[in-house]
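We just call them A, B, C and D in the order they show up, numbering each chain from 1.
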Amino acid sequence: MAGLATHLPAYLIFSLVLFSFGLVAALARRSAIGIFMGVELMLNGAALNFVAFQALRKGVIANDNWLHGHIFSLFIIILAAIEAAVALAIVLRVFGTRQTIDADRSDELRG
Amino acid sequence: MLQEFGNALSFVLLAAILPPLILFIGKFFRPSFPHEGKLTTYECGELPVGSAYVMFNNRFYLVAIVFLVFDVEVALLFPVLMLFREAIEIGGPAISQVFALSFAFLGVLFVGLVYEWKTGDIDWVRDAVDRREHLETLEKGSSK
Amino acid sequence: MTLADIFVAFCFLLGGAAAFFTAFHPNILYAAISLIGSLVAVAGLYGALGADFLAAAQLIIYVGGILIVILFAVMMSEDIYKRRFFEGAKKYIFPVLAAALVFGGLAKVTLDADWSVATKPDFEPTARAMGWALVGPYALVFQYVVVLLAGLIGAVIIARPATKMQKFTDDEGDN
Amino acid sequence: MSLAEFLSGINYFIAHLFGTGLPMAVFSILSAVIVLLLFAMPVGGFCTYLERKVAADFQERIGPNRVGPLGLLQFFSDGIKMFLKEDSISKNADRWIYNFAPSLVMAGSFGAFAAVPFSAYMIGADLDIGIFYAMALGSLVSLGVLLGAWSSDNKWSLIGGMRGAAQIVSYEIPLGIAVLSVITICGSMNMHTLVAQQAWPTAGGEGHFWNVFHNPFMIINFFIYFTAALAECNRTPFDLPEAESELVSGFNTEFSGMRFGLYALSEFADVILFACIATAIFLGGWHVPFFNLQSINLGLSIGELDLSPLIQSVLMIGVFLFKVSVLVFVVMWLRWTLPRLRVDQLMNLCWKYLIPISFFNLIGVAIWTWAFSGRSMLQLLGQLLGVY
């Protein structure tokens, strides 16, 4: 376990774990909020990848004093926030009209 | 830097384990006389009726959504406005760049706030206003 | 083995276990709460990689913002007090297979790749460099605020109480 | 310099005596123990006594006066009482979350003490993003309040928790914008740098005196920060989450004994924390007018160890804690002066007054900083009068 903190593949595998569990949640959950949480997990795994590459493969990227990886992770976090606002607004609206947020049963387009 | 992260981490960890630790130590000192009455939900002596999970005014939800967007804004402005002093010292286009970009950012979100203000989405009492309007229309309908 | 290694290992375990519960826990509220674990673990890993600003931003936006909204949504729309049990075991078969396939493939690629060019994270302050990047080459990311505005207005229009008539029930009140 | 490094001065003696010193991790844990267990918890407890005493003074009563001289040990006996109380959890409560929620609240309010600069040499963690870190941890509190309320399966709790979460998150925005204006002036997020810039201005020096007197907008900003901070720690007039006349005890109704004690403690710790941060970023931290404490040097030392940081620290901590206690007293004063707001008034105050005002303040602060190259009113006055 020595050197785990600077071992790039360990971070990559961990973010893959987050991504996989997120995928399971996004595909298998019935409720729309559960699906949304799965998507959040996947986004987190991806964001961690960017930062791990930035920190542990410095010098490989051109012009890396701009902290490309950090900016991209920040970008993902911003996107996730906007996504949360819109997605959960839709969830609430769907619940308001159908009294359920089961994604399998909300198959009509009419409000 | 790593040392400072460690310091901050030790603060957070100590704060997080304090409650379980205190409760665990207290276990050896405090009395325990379980009684059916103590286990019921407290509702001022009445027996609780129905579930506690009542439906909520979705104003809370609307506020949380609006908050989310402004939260992102505040968090993003921190690293940029931090450069303000430095940009003044550098001079040239740097300062106008920082100023224009950060206040374009603020301005756009302010437009959002003004929009919500105008449409009444951040009014908490909108329901009450709606209710009064509704009552008025009902009265008009009945008088006809 | 240093303290940093132990911390990173702890974050891996916490994040992995929490992600497992997020995917598999039958009660949606517990899934949302175990999401806290994943998010905090990722924030800790950001810290371990020297990204101090990102770690704090993760806490402030994800834990303090998105998770609150998720919890509000769960509490307002799900029958959480009726504990749901693992009713959809059949529903999990295909997703787990798909995820295992993705995991296996990508893990193989990851482990086979050559990571010999590796550096140690330099624990330099990041906020200033990020600020300059946000007003310099990444100004477009910073000005992505237009999408924020669109999201804000869109979300509010969608979530707004549908009709005036619908809210004319006296039982809810302004609590 | 962080507290852990300061403490590691002891390492010098240990290494002298035993040939080898202790690892730094010991000192960082020690610094956490000192700040949290020896400062935040006793002072948070003492505030409960102080609140009762202040209330008594306002209502022309005597207040607690039995335990110890002037009742000073009252909080101690209260603490023991709570510690020894039976721990009963309601049958319908969700035990996992119920046990987990106080930890979140405590981590949020106590963990942020790492960023409080008590003196030039004593700050829990000298992070580059100090103030942002404190805000980030503060956002855990709303989560803890919401979860604790939800888990206790009680109508009062749930209403209080929902109110609490909505209130805490809403007021985070004016708070954040008020802090942003300080960042704009000082050009740093590091608490140490923020405080160091507020020294009394000297010729060619860095200091521009307390941020609150930096320019006219900052005075308004300080009030915005203070109002938002009151709402963040659920103090009157913003105590809707635990409005005792309508919601019994709000989000902590079902929490009894020591669990309630923990919630109450973390609330007072929150008050102290916000007072500390307000002192550090607006009221100049340990700086006093006309004089820089950091220039005191009595030339005392033990061996190679210079004692002047220690002497300066004592003075600085005294000044810092004096300002903090004034702010805490104002908070308690307000409790017995202002009535509670309604929910709609609360939200209107936040979204229709504080946020737009703080927006325009931020723009005003930025324009001032640009126009006068970051000089404060006092510096401009000094230049005008030719003092330096």
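As a convention for this text, a residue touches a chain if its C-beta (ideal position, glycine included) is under 8 Å from a C-beta of that chain, and two chains touch if they have at least 3 such contacts.
The structure presented is a predicted model; accordingly, all values stated were derived computationally and were not measured.
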| item | value |
| --- | --- |
| Most central chain, judged by mean C-alpha position against the global CA mean | B |
| Contact-richer chain pair (by C-beta pairs counted) among B-C and A-C | A-C |
| Computed distance of Cα centres, subunit C from subunit B, in Å | 17 |
| Rounded Å distance between subunit A and subunit D, as computed from the means of their C-alpha atoms | 33 |
| Intercentroid distance (Cα basis), subunit C paired with subunit A, Å | 6 |
| Between subunit B and subunit D, centroid-to-centroid distance (C-alpha), Å | 19 |
| For subunit A, residues that touch 2 or more chains besides their own | 74, 77-78, 81-82, 84-85, 88-89, 92, 96 |
| Per-residue overlap in subunit B, given as positions that touch at least 2 other chains | 1, 5-6, 53, 56, 58-61, 64-69, 71-72, 75-76, 78, 82-83, 86, 102, 124-125 |
| Overlap residues in subunit D, where contacts from two or more other chains coincide | 25, 127-128, 132-133, 137, 162, 165, 169, 172, 189, 343-344 |
| Of all residues in subunit D, those that touch subunit B in their complex | 2-5, 24-25, 28-29, 31-33, 35-36, 83-92, 99, 102-104, 106-107, 109-111, 113-115, 124-128, 132-133, 137, 152-158, 162, 165-166, 169-170, 172-173, 176-177, 180, 183-189, 248, 253-254, 257-259, 262, 343-344, 346-348, 351-352, 355-356, 359, 362-363, 366, 369-370, 373-374 |
| Sites on subunit C touched by subunit A in the complex | 1-2, 4-5, 7-9, 12, 15-16, 19-20, 22-24, 28, 31-32, 35, 38-39, 42, 45-46, 48-51, 53-54, 57-58, 61-62, 65-66, 69-70, 72-74, 76-78, 88, 91-92, 94-96, 98-100, 102-103, 106-107, 110-111, 115, 117-122, 126, 129-130, 132-134, 136-138, 141, 144, 147-148, 151-152, 154-156, 158-159, 161-162, 166 |
| Residues on subunit D engaged by subunit C in the complex (per definition of touch) | 25, 96-97, 100, 127-129, 132-133, 135-140, 142-143, 146-147, 150, 159, 162-163, 165, 169, 172, 189, 343-344 |
| Interfacial residue positions of subunit B with respect to subunit D in the complex | 1, 3-8, 10-20, 22-23, 26-27, 29-34, 38-44, 48, 52-54, 56, 59-60, 63-64, 66-67, 70-71, 74-75, 77-78, 81-86, 88, 95, 99, 102-103, 106, 110, 113, 117, 122-125 |
| In the complex with subunit A, residue positions of subunit B that touch it | 58, 61, 65, 68-69, 71-72, 76 |
